[in-house]
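Naming follows writing order (A, B and C), and every chain is counted from residue 1.
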C-alpha cells in the first residue's frame, strides 16, 4: 500500500533528530559545578588515603616509601584489630538496638493526646541538639566523684563499685548511656512522625474486628512505620559505627583498650604513635563496611516503602 | 478501670524517661548558679549567684572560642547555601545523565567516617597552609553541611510544580530569573530549616575542629574538653559555659521544629 | 497575531512515543481545538508549541519563522494551565500582573494597573485582587489563570483543559463566556480538551489526537457527520455511536441481522465499496435508531431490554441483541417493560460506513499530504 511507503519514508526522516543546543544541555552541569569543585576537595583526601595506606608514611620522619600491602597485612594479622572490630560492632549494634527499642517505645507513649505527651513532645528533643562532646561533659559532671549527683545517689543506694567510665566493666555501659541520652530522641521523632501520618481507617476496622493491641501493632503499625524506622536505624547504625566524640571525650579509648573502636584505634595510631600509613587501613576498612551496609539498607528501605504504600 | 491503670503506667514510664532526658540539663542550670564554695556541700538548696556567668564573660578567652565557633559555622553554612542551593535545584529539576549517581555521591559523604576524612586532610592542609585557619575548617565542614542541604532542598524543589516554572517562562522570565523570582521565595522555609539544621551539626562538630585546628582557631567543643582536662575545674563556670554553648542550638531547634524530621533524615522522610 | 505550523513533529519520553509525526496548520485568529483522551499527547503538543519541549524531530513555525530554538520567554505565547500553575506566594493582582512586569515586557506601572483591572473586570474577579491564591476557590483560581494570559497581547493563546476542574454549572457558564471572549480577542487560540461538547461548541476547527497521532482534522460539522474513522465516530456523541457488522452480498445488499430483511447499499456509498469487500461496519447514532414494541415490519429486530437511564428530558435505553448492546435515545417518559422485547429498525441511509481498516469509506488518505486528512464528499 502507498501509505506503507509513506510511513517508511517518515520513519527514515524521523531518525534525523533535532539537536538540543549545547547551551541548554550544559545548564545542569553549569549549575552543579560550584558544588562539584568544592567536593573535589573532599574526594582528593579519599584518593590520598588509599595511596598513603600503601606507604610507611609517619609524622616522625620527613621521608616515606611505598610498602605495598604491608600495613594491610599487619592490620589483619594483629589481634588488636579484631578486638577493635569487636568493640566497634558491639558498640554500634547495642547503641542502635537500645535507641531503636527505646525510641519506638517513647514515640508510642508520646503519640497520645494528653497534656503530658503534648508538652514532652517538644522538650524531649533537647538532648539531640546538644553536641555529643558537650553531652559527655555533662554526664561527666553528673557522675563525677566530687560533685556528681548520680554518683552521690548511687552511693546513697549503697552501690559503691560502679565507677562509670573509669572501670573496664562499666565503661561500655557508660558510653552507651550517653549515646542513648543524645540519640534516642532521633529515633523517637522519626517514628513519631511516622505514627502521626498513619491513616485512621485500617486501625478503626482492626478495632471493630477486635484485634489485640499487640496484634494491631505487629501487623498494622509496624509495617506502616517501617520505612521511617529503617531510615532511623540506617542513620544511627552508620553514625555509631564511626562514633568518635563520645568515647574520645570520656576515656580516649580506655581504660586500657576497652573502648578502642576502629576510629579510636586509627586516631591513636596516627596522632599518638604518628604512624599515618598504619592507621589508614583501619578507617578504609570501616568505610568499605559502612558503604556496603548503607547500600544494602537503602535497598531494603525502598522495598519496605513500596510495601507500605501497598505496591 | 483497667484502662486507667494502663494510662497511669504509660504516663509513669514517660515521666521516668523524661527524668532521664531532662534532669541532666536541669542539673546543669542549677550548677551554673552555684558558687564554687557551695559546690561540694549543697545539692538543691543554696544561694544562687551570677558569679559563674560574670567570670565567663569577663574572661575574654571564652568569648573568643564562642566567636570562633560563630565564624566557622556561619561561614560554612553560607558557603553551603551558595553552592548547594543551585546544585539541589539542578538535581531536582533537570533530567540529565548520571543525575541519581551524582545525588547519591553527595549523600554518601555524610556516611564517610570523619577520621577518614581528617587523616589525609591533616597532611593536605599543612601543605596548603590551611591548617588551623577559618578557611580550612569552613571547607572541611562542607562534608557535614553540603549533603544535608542538597538532600533536603532537593525535596523542597521537587515539591514545586514544574508548571509554575513553565508559566513563569511564558510570562517572559528566563530560566535563571524564574529561579530567583519564583522558585527561591517558594523554598524559603525549606532553605531556612535546612540551613539551621546544618548549622546545628557544624556548631556541634568536634572531630574536625580538634584535628584540623586547635590553637589559633578553637571552637567551643574543643575548648570545653581542654578545660575539663585541665587541673583547676570550676564546675559552676563549666556548667555555665556548656549552657551558653548549647542554648543557641536549642533555640534554633525549636524554631525549625516543623522541618526537623525532614531535615534529620536528610529529606528521605517528609515530616 | 500569528499562524502556527507544525511539520512532522515527533516527541518521545524514554521509550513512550508522545507525539508521532504531527502535521498541523493553524490559521491566524482561528480557534483551534485539540481533542483526545487522557494520555493522547495533547499537553505535550501544547508544550512543544510553547517551547517548553524541543521536539525530537520536526519543526515548529510561527508566522513562517522557524521557532524550534526560540526560548519560551521569547515566543510571546500565553498559556493557561490545566492545574492553573499560579504563583502561590503572589496575590491575585501580582499573578495577573506577572507577565506585564516581567523583564521581557516591562510595562510602566500605570499600564500594569490599568490592564490588570480591565481583565479582572471581564473575569469578574476585581473584588479578589488583594487576596492570596490559597484563599480562592477552584473556579476563581481558574479565572486568575485565564487573567494572567488575557492581560497580554500574545501571538497565540494556549489553553490546556482550562475549565475541566470546574463543577458542571460553572463549566457550562465558562464555556459560554470563553466563546464570547474569543469573538472579541481576535487572536489565534489553541485549546486542549477531552470533552467533546467543549470541542464542538468552541472550535472553528478540531484536531483529534489519539496515542500521539492525529486521527482527523476538520470543522465541528465534518467531525460529527463525517468522522474519518471509528475512533473519531465513537469519541463524539453521547451516548456513544453504535457499531454493527454487516456483510455485503454479491448483489450489493447489506445483511446486518439474519432475522431482518437485507437492505440495499445506499447509492452514495456504492462507488466506495470495492468488489472484493464482503463485510463493512455501520455506525449509527443512538438518536437515529427507530424502535417499537411490536414487530412492525420485516426490518424489525427483536432485542431484550438491558437498562433504562433517565437523563432529564431524554433517556438512554440499552438493549441487547446476540450479546451486543445497542444504545438508543428515547424520551424519558417512555414506558419500557423490562421483560418485554423491544424491536429495533436500522436505517442504513443514516449510517456511517467503515471499511476493514476502521476508516470511513467516504474519506481517503492522500499520500502527498503527509498525514493530513482531506475530505472528499
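Convention: a residue touches a chain if its C-beta (ideal position, glycine included) is under 8 Å from a C-beta of that chain, and two chains touch if they have at least 3 such contacts.
Model, not experiment: these values are computed from the prediction.
In terms of C-beta pairs in contact, the better-connected of the chain pairs A-C and A-B is A-B.
The chain with its C-alpha centre at the largest distance from the centre of subunit B is C.
A separation of 56 Å divides the Cα centre of subunit A from that of subunit C.
Look at where the CA atoms of subunit A average out and do the same for subunit B: the two points lie 16 Å apart. Contacts from subunit B toward subunit C in the complex involve residues 161, 163-164, 166-174, 177, 182, 185-186. Contact residues of subunit C toward subunit A in the complex are 8, 10, 21, 54-58, 68-69, 365, 367, 370-371. Interface residues of subunit A, counted against subunit B in their complex, comprise 25, 27-29, 31-32, 34-35, 37-39, 41-42, 44-46, 48-49, 52, 102, 105-106, 109-110, 112, 114, 116-117, 120, 122-134, 137-142, 144, 146-147, 149, 152, 181, 184-186, 189-190, 193-194, 227-228, 231-232, 235, 238-239, 241-242, 244-245, 248-249, 263, 266-267, 270-271, 276, 279-280, 283-284, 286-287, 290-291, 294, 301. Touching subunit B in their complex are the following residues of subunit C: 47, 50-52, 71-73, 75, 77-79, 81-83, 85-89, 98-99, 102-105, 148. If you check the complex, the residues on subunit A that touch subunit C are 2-3, 5-6, 10, 13-18, 20-21.
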